[in-house]
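Here chain A shows up in two complexes: once beside chain B, once beside chain C.
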Partner chain A sequence: MSDRQKIVLLLLPAMLVIVVLFFGGLIIGLMRSFNYMPIIGLTEPNFKAYISIFSDIEFYHSFLLTFHIAFTSTLISCVLAIGAALLLRRSFVGKTIVNFLFQLNLTIPHLVGAIGMLYLFSQSGSFARLAAEFHLISRPSDFPALIFDPYAIGIIMQYVWKEVPFIGVIVLANMQSIGEDYESVARSLGASKWQSFWHVLMPMIFPGVLSASIIVFAFTFGAYEIPALLGANYPAALPVLAYQKYTNVDLAARPEAMAMAVIIAILCAILIWIYVRYCRKRIRGQA
Partner chain B sequence: MTHVSIQNLSKIYKGSKTPALDELSLEIPSGELTALLGPSGCGKTTTMKMIAGLLDPTSGDISFDGRSVLNDKPENRGAVMVFQNYLLFPYMSVSENIGFGLKMRKTDANDIKKRVGEMLEMVKLPDLGDRKPSELSGGQQQRVALARALIIQPEVLLLDEPLSNLDAHLRLEMRDLIRALQQEMKITTIFVTHDQEEAVVLADKIALILDGKMKQYDTPQAFYKTPIDEATARFFGCHNFIKGKALDGVFDCAIGKLKIPKLIKEGQGTLTFRPENIKITKDKTKENSFGAKVSNIIYLGTQTRLKIKLAEMEFDAILNPNETAGLAIGDDVFIHLPSEVLWKI
Partner chain C sequence: MSQKQNRTLQSLRVLTGIVLITWLVLPLVPLAIWSFAKGWYFPDILPKRWTLNAWDYTFSDTAGVLDSLWITIWISLAATGLSVLIGVPAGRALGMYKFKGKELVELMILAPVIVPGIAVVLGIHSIFIFLGLNNTVTGVVLVHLIPTLPYMTLVMSGIFANYDPAYEDQARSLGASPLKTFWYITLPAIMPGIIVGGLFAFLVSWSQYILTLLIGGGRIITLPLLLFNFATSGRNDITGAIGMIYILPGIIILLLTAKHLSGRSGAVGGFGQI
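Let's look at the complex of A and B:
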């Protein structure tokens, strides 16, 4: 058996899972989004589902809210993760413990974190009760609405809490492989600390930050459980809206759910395409 | 032109008990090219980083023209360091790399462009401004790193192993370029190297650092003629030592009585002489001549290294290949040690 055949054979199980489950699901979803569901007698593909969701204001509200959640969470997570990585690459007493604590919530499931947020930050949660106890507010319900709120603050807090260590670990590894000598050169050439960070370190860690951000953005844009648990009823995040449509008693709403899922998938694919193009350009530039 | 003064400079890294640099004191006259020479890990680069302000000393002081610069930030110190591996910013073009220091100083863009052009001419890379560092050879990268440092007209230029990553022919070219630029711009320059040859060909003066301590600070010639101790002599490739006592212009030792220069201090000590200063003769000469046996012959191309056995001791001699023609291992010869090449440590 040639090496090439061996590689194909070894990759086959993984490829089967990807092709059957991922592409299979995607193709079925795509077909259903075009109203093609022979099982309930829909055999004429059309754009009805897309027309229907694009003419519904609720979809736009949901889309904007989902974009706001994904963009804001990613941006805040990136800024905090870069700051944390800058601190963690220094040597200080207790660094190992801090590093461990920093990465600890990578192991905690999103759902557990979301329930924690609910217990801590809701208007009947621990912080609301404590604030009332210390007379900072007259009663717990006066606590600012951070959960089920229209600005999705609770959802964003949850994502930031979970994604900062994820991006931070990637950025930290990136910074450690680059080392501090480039910044030393920049300082020696007259750059201030900020200038050496902004003009030297940042462009060098940018591909790592970008790849981590795209993963986080795509995940937060398409994730269902956190907005379902911590989000307001209206507007609901796009995946929540899609799920509501999917579980609607009216089977005719399913193509709309699929159309929304397809839109989420397309957006993620576009983001990955932008990233790959950017990286190729950059690698060509450095080659 | 800046006079650099280093006073009792020490550095002990966190978690280490032994100092990386121990009480180094050095006066570097303005406009001179000084080499910090020593083996890897002796504290040379640590010293450079402290001069550049990239590392804080544990104790001691560094001053430029009599003014302590320890509290100056690296960007305000006026000392620019060129690293051994060049560290050109990979995502910037050659021109952007060279203009970096001026950009940080918020110099006018047109002025930057003009001065970058001048620097590219100066380092003989006029057409490569648009290239990325990865598209350059090692020698070209070194020139760009040098241009990037020189464009901001630093008071002190610090070069970390400037020739060590280059091929033999590029080393010569780069050595001449560094020397020419340094002379032209009259910048006080300090460079570190582990290669004594590099130090000798480039520096006005050499500071030899061994085990974190400065052994000798002198001209390159002095390291060959009058090394301060055995370790210094060994570092410069001399392994010929004889213990004995100097008295009245004569050194009495195991191989006999040797006539020595008058200025050599009297008393017990070790006599040393460079391998290239030993003369091999077939017959005994009138003074400082001793019968010996050739114990090994190593052909080095342009030179031949002989191992000579004498009074149970072995000495190194380096000769021209034509001087050793016809010699074979085991031959009896006379070695002549001219008194002017002898030095007591």
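Let's look at the complex of A and C:
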């Protein structure tokens, strides 16, 4: 058997799954978003679903909210993760514990973290009770709304809780393989601590940070269960809105749900393009 | 740098470390307490009365938690097994060979890692209607392959990139059959990768929500779905107990594989999915 045949055979099952399920799902979603599905007698594609969602203010609110959630969570997580990695690369008391907790956190599903946030930060949650204990508030409703709130603070806190360890572990490994020699050289040439971090270390860890950020942004943009649990009713995050439309008793709303799925997929395609363009080579070296 | 400055810096590190540790553990604390609490109302900082009621209920036959636990384990095991069977050959092709279109194949396999489930599952739901796969365990297992398979393939591709096929050639030239060669030479060499990749694929499947919700159609209630239902219905004590059970496999797997979880291993990328 030639190498060529071998490669085809080895890849065939995996490609079958990816092409049929993943790309099949994408393409069927795209077709249905245009009201085109010959198998059930829809033979004339149209833009109704897109016109409908683009003329509905709810979609824009939902999109902006989702973008805000993903962008803010990713940004805060990155900054804190880099800080945590800088802390963890030196030895200090409790380093082993932080390291272990970072890894533990990686294995805990987002949903559990979300329920934890609900019990900590809701208006009758642990922090509200502490505030009452210290006579800062007298009723649960005096406590600021951090869950089901329009700014999605609870959702963002949950993502930051989960993603700081995720990005942190990747950045830490990056830093450890780079070593501290370059910074020492910069320092001995008169660079300040900040300069040696910003101009020397940062450019070297950037590809790792960017690729982790892309994964985090895409996840936080497309996750359903966390905004479904911690989010306000209006506006709902885009994945929640898409699910509501899809499961609506009015079947006419289904193409609208598909159109939203297509929009999420397009956004991810852009992210994949950025990934390929800027971080691919570095990642491969580490795989 | 002066001694004093150094000491300030060191205590700053310790302080940040303490804040970090607290923040990492904090969300799990009320969950654990709730599972032993009886009527823990505002403004009590701790429950006035403790009980095992939630745990009794959780482990009773009528609650359905155990049924849900078994079906979740079964689905995750099946998705992991299939991922190994399909992902190991694909990993071999990507790790050991250079060929035309390899970049594209890699990209196609990588895409599901970035594109979230909600973007593809609505379309899949439409296809599965015709295939009769909606509301079935088979359908849920198949759809779980989308996040688990890329991950398994990437881990195995890393393993095969550092694998020397010369041993296989030697075994073959000494008269071993292809099957024997695979069983005695290849498999032992790639076993660590299969175990680590498999354990993490299990966790990825274990944490799926929206894929199961839509394809399972409310018939297949895995543990996260049940957890969500109890969390939104206000049964905090039972939610706490189920939550504790739900995070258990992750903790066990962590204890088994802690050293593989450094960011240096390609395996970590998969945790973006959990």
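To be clear about the criterion, the second predicted complex is superposed on the first by the 270 of 287 C-alpha atoms of A that agree within 3 Å, B and C clash if a C-alpha of one lies under 4 Å from a C-alpha of the other, contacts with A are read in each partner's own complex, and residues count from 1 in each chain.
Here is the rule we use: a residue touches a chain if its C-beta (ideal position, glycine included) is under 8 Å from a C-beta of that chain, and two chains touch if they have at least 3 such contacts.
Here the structure is a predicted model, which is why all the values come from computation and not from measurement.
Novice: In the superposed model built on chain A, check whether chain B and chain C fit or clash.
Specialist: fit
Novice: A:Leu229 in the overlay: touching chain B, chain C, both, or neither? Say first, second, both or neither.
Specialist: Touch status of A:Leu229: second partner only.
Novice: Thinking of the overlay built on chain A, is A:Phe219 touched by chain B (first), by chain C (second), by both, or by neither?
Specialist: Only chain C is touched by A:Phe219; chain B is not.
Novice: Please name the chain, chain B or chain C, that touches the greater number of residues in chain A.
Specialist: Looking at chain A, the partner in contact with more of its residues is C.
Novice: Once chain A of both complexes is superposed, is A:Ser192 in touch with chain B (first), chain C (second), both, or neither?
Specialist: first
Novice: Just chain B (first), just chain C (second), both, or neither: which does A:Leu26 touch?
Specialist: Only chain C; A:Leu26 stays clear of chain B.
Novice: Would you check which partner chain A:Ser2 touches, where first means chain B only, second means chain C only, and both and neither mean what they say?
Specialist: neither
Novice: When the two structures are overlaid on chain A, which partner does A:Pro203 contact: first (chain B), second (chain C), both, or neither?
Specialist: first
Novice: Given the touch rule stated above, what does A:Ser184 touch, chain B (first), chain C (second), both, or neither?
Specialist: first
Novice: Once the structures are superposed on A, label A:Arg129 by its partner contacts, choosing first (chain B), second (chain C), both or neither.
Specialist: A:Arg129: touches chain C, not chain B.
Novice: Compute the least Cα distance separating chain B from chain C in the superposition and give it as a whole number of Å.
Specialist: Minimum over all C-alpha pairs: 5 Å.
Novice: Common interface residues of chain A with chain B and chain C?
Specialist: Touching chain B and chain C on chain A: residues 286-287.
Novice: Which bits of chain A are touching chain B when the two form their complex?
Specialist: 91, 181-182, 184-192, 195, 199-200, 203-204, 282, 285-287
Novice: Enumerate the contact residues on chain A facing chain C in the complex.
Specialist: 3-4, 6-7, 9-11, 13-15, 17-19, 21-30, 32, 37, 39, 83-84, 87, 90, 92-95, 97-98, 100-113, 115-120, 124-126, 128-130, 132-133, 140, 158, 161, 165-166, 169-174, 176-177, 212, 214-216, 218-219, 221-225, 228-229, 239, 242-243, 246, 254, 257-258, 261-262, 264-265, 268-269, 271-272, 275-276, 286-287
Novice: Residue numbers of chain B touching chain A in their complex, please.
Specialist: 14, 49, 52-54, 73-75, 79-81, 83, 85, 87, 89-91, 100-101, 103-105, 132, 134-135, 148-149, 152, 158
Novice: For the complex, give me every residue of chain C touching chain A.
Specialist: Those in contact with chain A are residues 10, 13-14, 16-18, 20-21, 23-31, 34, 41-45, 85-87, 89-90, 92-94, 97, 99, 105, 107-127, 130, 142-143, 145-146, 149-150, 153-154, 157-158, 161, 203, 206-207, 209-210, 213-214, 224, 227-228, 231-232, 236, 239, 243, 246-247, 250-251, 253-254, 258, 261-264, 266, 268-269, 271-274.
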